[in-house]
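By letter and in written order, the chains are A, B, C and D; residue numbering begins at 1 in each of them.
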Amino acid sequence: MKEIVLTVKKTLNVPVECSEISPSSLAGKTLDQIRAMEVWEGNRRNSLEDIFNIKEEDGITSEDHALRIVGDASIIRKIGYRMTGGSITIEGNAGMYLGEEMSGGSITVSGNAGAWLGSKMKGGTIEVKGNAGDFIGSSYRGSRKGMKGGTIIVHGNAGTEIGCWMRNGTIRIKGSSGIFPGMHMSNGTIYIEKDCSGRAGAQITGGKVIIGGYVPSILPSFNVEEVRERVKVGEEKITGPFYVFTGDLNEEGNGKLFINMAKNPHLKWCEEYLEL
Amino acid sequence: MGQGRSKEIGKLSDEYAKNVGICEFDPEDLKSLQISSGQNVRVTTNHGTVVVKAALSTQAPHRGLIFMPYGPWTSMICDPETHQTGMPSLKGIEAEVTAAPEERILTLRELVAYISGGK
Amino acid sequence: MVEKTIQDAVCTFCGCCCDNLEVKIKDEKIVSVRNSCAISMSKFLNYDRERLSTPMERKNGGFEEIKFEDAIEKTASILANAKYPILYGWSLTSCEAIEIGVELAELVGGVIDNTTTTCHGPSIIGVHDIGESSCTLGEVRHRADLVVYWGCNPVHAHPLHMSRYSVQSKGRFRKGRKDRKLVVVDVRKTDTAKQADHFIQVAPNQDYELLSALRTAVKMGEIEQDSIAGVPVETVEEIAELMINCEFGIIFYGLGLTMSAGKSRNIDAALSLVRELNNKTKFLIMPMRGHFNVTGANQVTAWQTGYPFAVDFSKGYPRYNPGDTSAVDILARGECDAALVVASDPVSNFPIAASRHLSRVPLVTIDPHVTPTTLASDIVIPSSFVGIERPGTVYRMDGVVLLTRKLVEPPKGVKSDEDILSAILRRTTELKGVA
Amino acid sequence: MNELQLRNGTVFDPLNRISGERMDLAIRDGTIAEAVSSKAMVIDASGMIVMPGGVDIHSHIAGSKVNSGRILRPEDHEKDVEERTSITRAGVGYSIPSTFTTGYRYARMGYTSVVEPATPPLKTRHTHEELNQIPIIDKACFPLFGNNWFVMEYLKEGKLEECAAYIAWMLKATKGYAIKIVDPGGVEAWGWGRYLKRLDDEVPHFAITPREILRGLCKINKLLGMPHAIHVHTNNLGNPGNYLTTIETMDCVANLASSGKPIIHITHVQFTGLTGNSWLNVGSGAPEIADYVNKHDHVTVDPGQVIFGDTTTMTADGPFQFLLHKLSGNKWVNVDVEGETGAGIVPFRYRRSNYVNAVQWGIGLELMLLVKNPWKIYLTTDHPNGGPFTSYPKVVTWLMSKGARGRVLAKINKNARRRLDLPGIDREYTFEEVAIVTRAGTSKSLGLSQKGHLGIGADADVAVYNIDANSVDPSRDYEVVRKALAKAAYTIKNGKIVAKDGEVVATPIGTTYWVDPKVSNDLMQQTTTSLSAKFEDYYTVRMANYPVEESYLKSPTRIEVLAEV
């Protein structure tokens, strides 16, 4: 299967926005048409070829619409904006808003991804081999419409407020996360395999946040409910045992925190509140 | 209030440097570090290092906490990370303090030269 | 010798905007100020020190004087040619000047951000999610029987706030300090805390936990932990009781909340606590805004663009997302290619990672004073003081709007921010070839 | 000399009893003229409808509460932006447009005058700053008096004349246009987090009732010879059964009426026209209210028509907005203003499928259709409370076409549909009636004699819509009507073409009207003396810093009226 390959051809020193660039938007276009597509470099309306060398190659994926971006794209925003299908492979780093509002298809990044990864996402999958920034799968400022579906997997660490106002879907961080995972979330699953800097599940009304590693403390607005041997993430069963907390009581919420017992001996105090 | 008053007198004034190029300690901490008030200290964080004058906090106790006025000297060691809030991390930063009797507190002009790479 | 006294002058130091100053002037010099705080006094008597007198340009290592027209020409071409210029400052000037600034940012497709971004930006981000139960300061003066100062130290930063507007003020339904309770929450016992009926020493970076616990206590009356943020649960519950049982309470908060871990979410928690309290009594909250017109900068930017700060015009219409479009982030990432600073000193106050980039792009600064930022600039244009040398509109921290007066003449040849910005706007428009 | 001729338009000019006549219109130097020279620029308006420019009597477009709404809702702006052009400034919508965008969007619809109906006096300098930056349209603002400490005290002490003088001083100080009353006494009670629902409840600490405030201010309005009636947002807003409060409010000033001139305007009745005693059984009180209006000449009303979709509610009615926050769970802003008033803001989505929302939608339309005399009712959405002003063309089609509203009726909550009288109402507005409720009637009500008509000497504010009155049947072709009203073929402001085919082509700055009632010097002297004695006790600003100078307004027009006192 053919794929379009975009190679970053110069060092970029102002923000570049590529909201036009998704497999579906490239589909059916000739290379010349693609080269002429609009991209913003700061306040200049440029064409795609001002930023990238563009060619067609025998693809590495079997997707019908495949797009590969090669080079450091960490200053390039909104790659895969509203993409509906096909695949994007980024060999290097990606900038902010990668896969914003995407509803289908897949994005893989070999390096790191910036903040707002998969914000307002509705479907599809994003996989980041390196680290990702803050506000993964979140909503826009002032809006309660965060990630609604799909899967985001980060192999490295993630920043703060991941899954902010999240409504559904799955975020899996194989490393550690900053504070406020699941901020204001109403549904969906966040699984942090290693440590979390704290304030897990702050002001959630629903959904679950699973911490496989150490968490410094539990918010006072959560009540310990039980101890569970394992918890489901999608089809997979993750084994604990876990302390299970309910909250955020301040929001009259019914969200769940699953905190690995072995990694958090300092939370033993909560066992006295367990109804046996 | 000295910070505010001296700022209005002028940022290049000695008074401003005297009021802002400082680091306030809990008296107990000063004792245990064997640093005396008025002595120069070097404050180092993950983000930079700067020499300022040690001062006694009037608002103790706060063991293990040091306070530096918002200003050019403090900016040398602050964390630019805003976590998508636009607000850098200017409070609650881990820092290492050592006595620096031999070292000099840079003047504002020297600080600017350092920041701008002698532009 | 010409002598005059100006009554009811508005102070242009902090967000209190006290409007009852009595300023004595002899031969166009301010010789005394009454009804002001020590900082304000210091400003009115010393504003003229370290003044910039003529436009200057950086040439081989030093500064050389240039004609005003040339400074405008060079500034206009820097902005017109930039792909992503940032226009920063705005909290120490008039709304009239800020209006022109926003238009200039729109024209050059740049980012306009004001100092809110590094003081109460997180407060505004918190409001986006929760809203805000607030009022004008007179409401506090007349009705408040419980005043909480959280992470702020008015005794030093807003010296007349307590006597004019809160605990010590005399209102219609509260006669003074004895009719009110004062609670102070801070990481150390500040001089404000020393006056408090209750001082709560919160562990550094744990304000969110304490606010969250207070809300739980207000909502359910009890908490399943023995101590939160270094504060015993009994104390938390006692303060919650105090809040529930007051007739009219208010939280004033400062950078202790906006700058410490959690930032905008600390504000989210504070706003949510206050909202919760309104189910049981009357409760309000207000940020202690620092500069005398930082609130005005938010207001003007909001009515022209919809957004209060960090507005990006690069695509020809306003966009906003702090973290992406805010000054410190843009600079720390090294993403802007020119800058105009108006009435502000970011080189002093930004983390070095940000000020370093700022000082390395073409930088134009408009300011009355010599500052670290002017020292790092390529073009420097001196300006006059709003509220001293020229009139202008300013917003008090509670959104009450005042027209400041001109008290004395500016130094010869020194123009106002408005006039300077208008000149830049005119020339840039010509360069951009827009009708 | 700037001349313009509109040829062969189908003119609707109700104030001059012109209804669908094909005629030419002459414009010279910004006003309607007898005739113009051969040099005049000619616009061929054949096959088009010509009306006076639209005049909106109630739309929240400027001031502290509107701007708080903007700051509250980035998510509202993000979805609706205006790009900079060579003649227009950039901006945003959607329900709380930025200042420039507000002017452009009104002009595109053929509107040329708009009133901001609620400004807190202490913050009115802010309102004028924004009005200064709203291009094209003429403007005015109504200061709030219904919870003002001085007003309540003067009235309590029976000092009617001093109170009148105080209000004259305040109108001059704020450059305001009319007396606005919101939840009289209720917002002061809210200062303590308390509620005040009935007309005869006492305001805490002030020993006065809403009824006394309303009657007092209504008398004063007459004493001052104000061009507009008192403009009232009633007590008990947003509570089931409040249609009775609305009728009581209208009636409590009935015996103050003389000469058949309206003395009270009740605004956004949709919010205060609820029957029932709980959210489960609310119904439409529009028939009862319309019946009262039909039988009395001292009152006018507007509906605050609901538009299904997302918007931002904002009123000076603090307690109501808190209630709405509790009902919706949406974010909430409250701003109480010392000694004067308050404000609240809550984003809100009106849903067709929601019983209460559907009833509210019905109340507005029932009122518009059941009030027989179109001069007694004006078209509003209480922007942005019922919906954004950009929905007016849609509302007009609901008035002009039973089919158009039928299409919506078919989709609303079915219990609401059963509960409403609307399905049985056959009335369809004529273009003349539309012209009355959108310009002629509102201008008359505001006392703007040079607006809302096309007689010789009137301001040349004209809207030309691409609708052929002969071939287009609004009852059937309502989509044609809606599109034409949304994008005026020409909008002419003071004789200058400002919008063409829905695009802004010029951005002059309109004027801001304010009313300056002249009371006797002695009375004013005596009042300001008693005022200055108390002023600093009540306010945190000095009396000298309170008034807004006329020079502060970019283009002010002072309307002097002679008071009886």
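Observations
Please note the rule applied: a contact is a pair of C-beta atoms (placed from the backbone, for glycine too) under 8 Å apart; a residue touches a chain by one contact, two chains touch by 3 or more.
As the structure is a prediction and not an experimental result, all values here were calculated from the model.
By number of C-beta pairs in contact, C-D leads over the other of C-D and A-B. The centroid of the Cα atoms in chain A and the matching centroid in chain C are 34 Å apart. For the pair chain A and chain B, the distance between C-alpha centroids works out to 38 Å. With centres set at the average Cα position, the gap from chain A to chain D is 46 Å. Multi-chain contact residues of chain C (touching two or more other chains) are listed as 125, 128-129, 261, 313, 315-316, 320-324.
Touching two or more other chains at once are residues 115-116, 134-135, 140-142, 161 of chain A.
The set of chain B residues touching two or more other chains comprises 83-84.
Taken as a contact graph, the chains fit none of the simple arrangements: neither line, ring, star nor complete graph. Considering their complex, residues 62, 64, 66-68, 70-78, 81-84, 86-87, 89-92, 96-100, 122-123, 125-126, 129-130, 133, 191-193, 205, 322, 325, 331-339, 342, 345-346, 537-542, 544-545, 549, 552 of chain D touch chain C. Chain B meets chain C in the complex at residues 1, 3-6, 8-13, 47-48, 57-62, 65, 67, 70-72, 75-80, 82-92, 108-109, 111-112, 115-117, 119.
On chain A, the positions that touch chain B within their shared complex are 115-116, 133-135, 159-161, 178. Considering their complex, residues 83-84 of chain B touch chain A. Remark: chain A residues 139-143 touch chain D in the complex.
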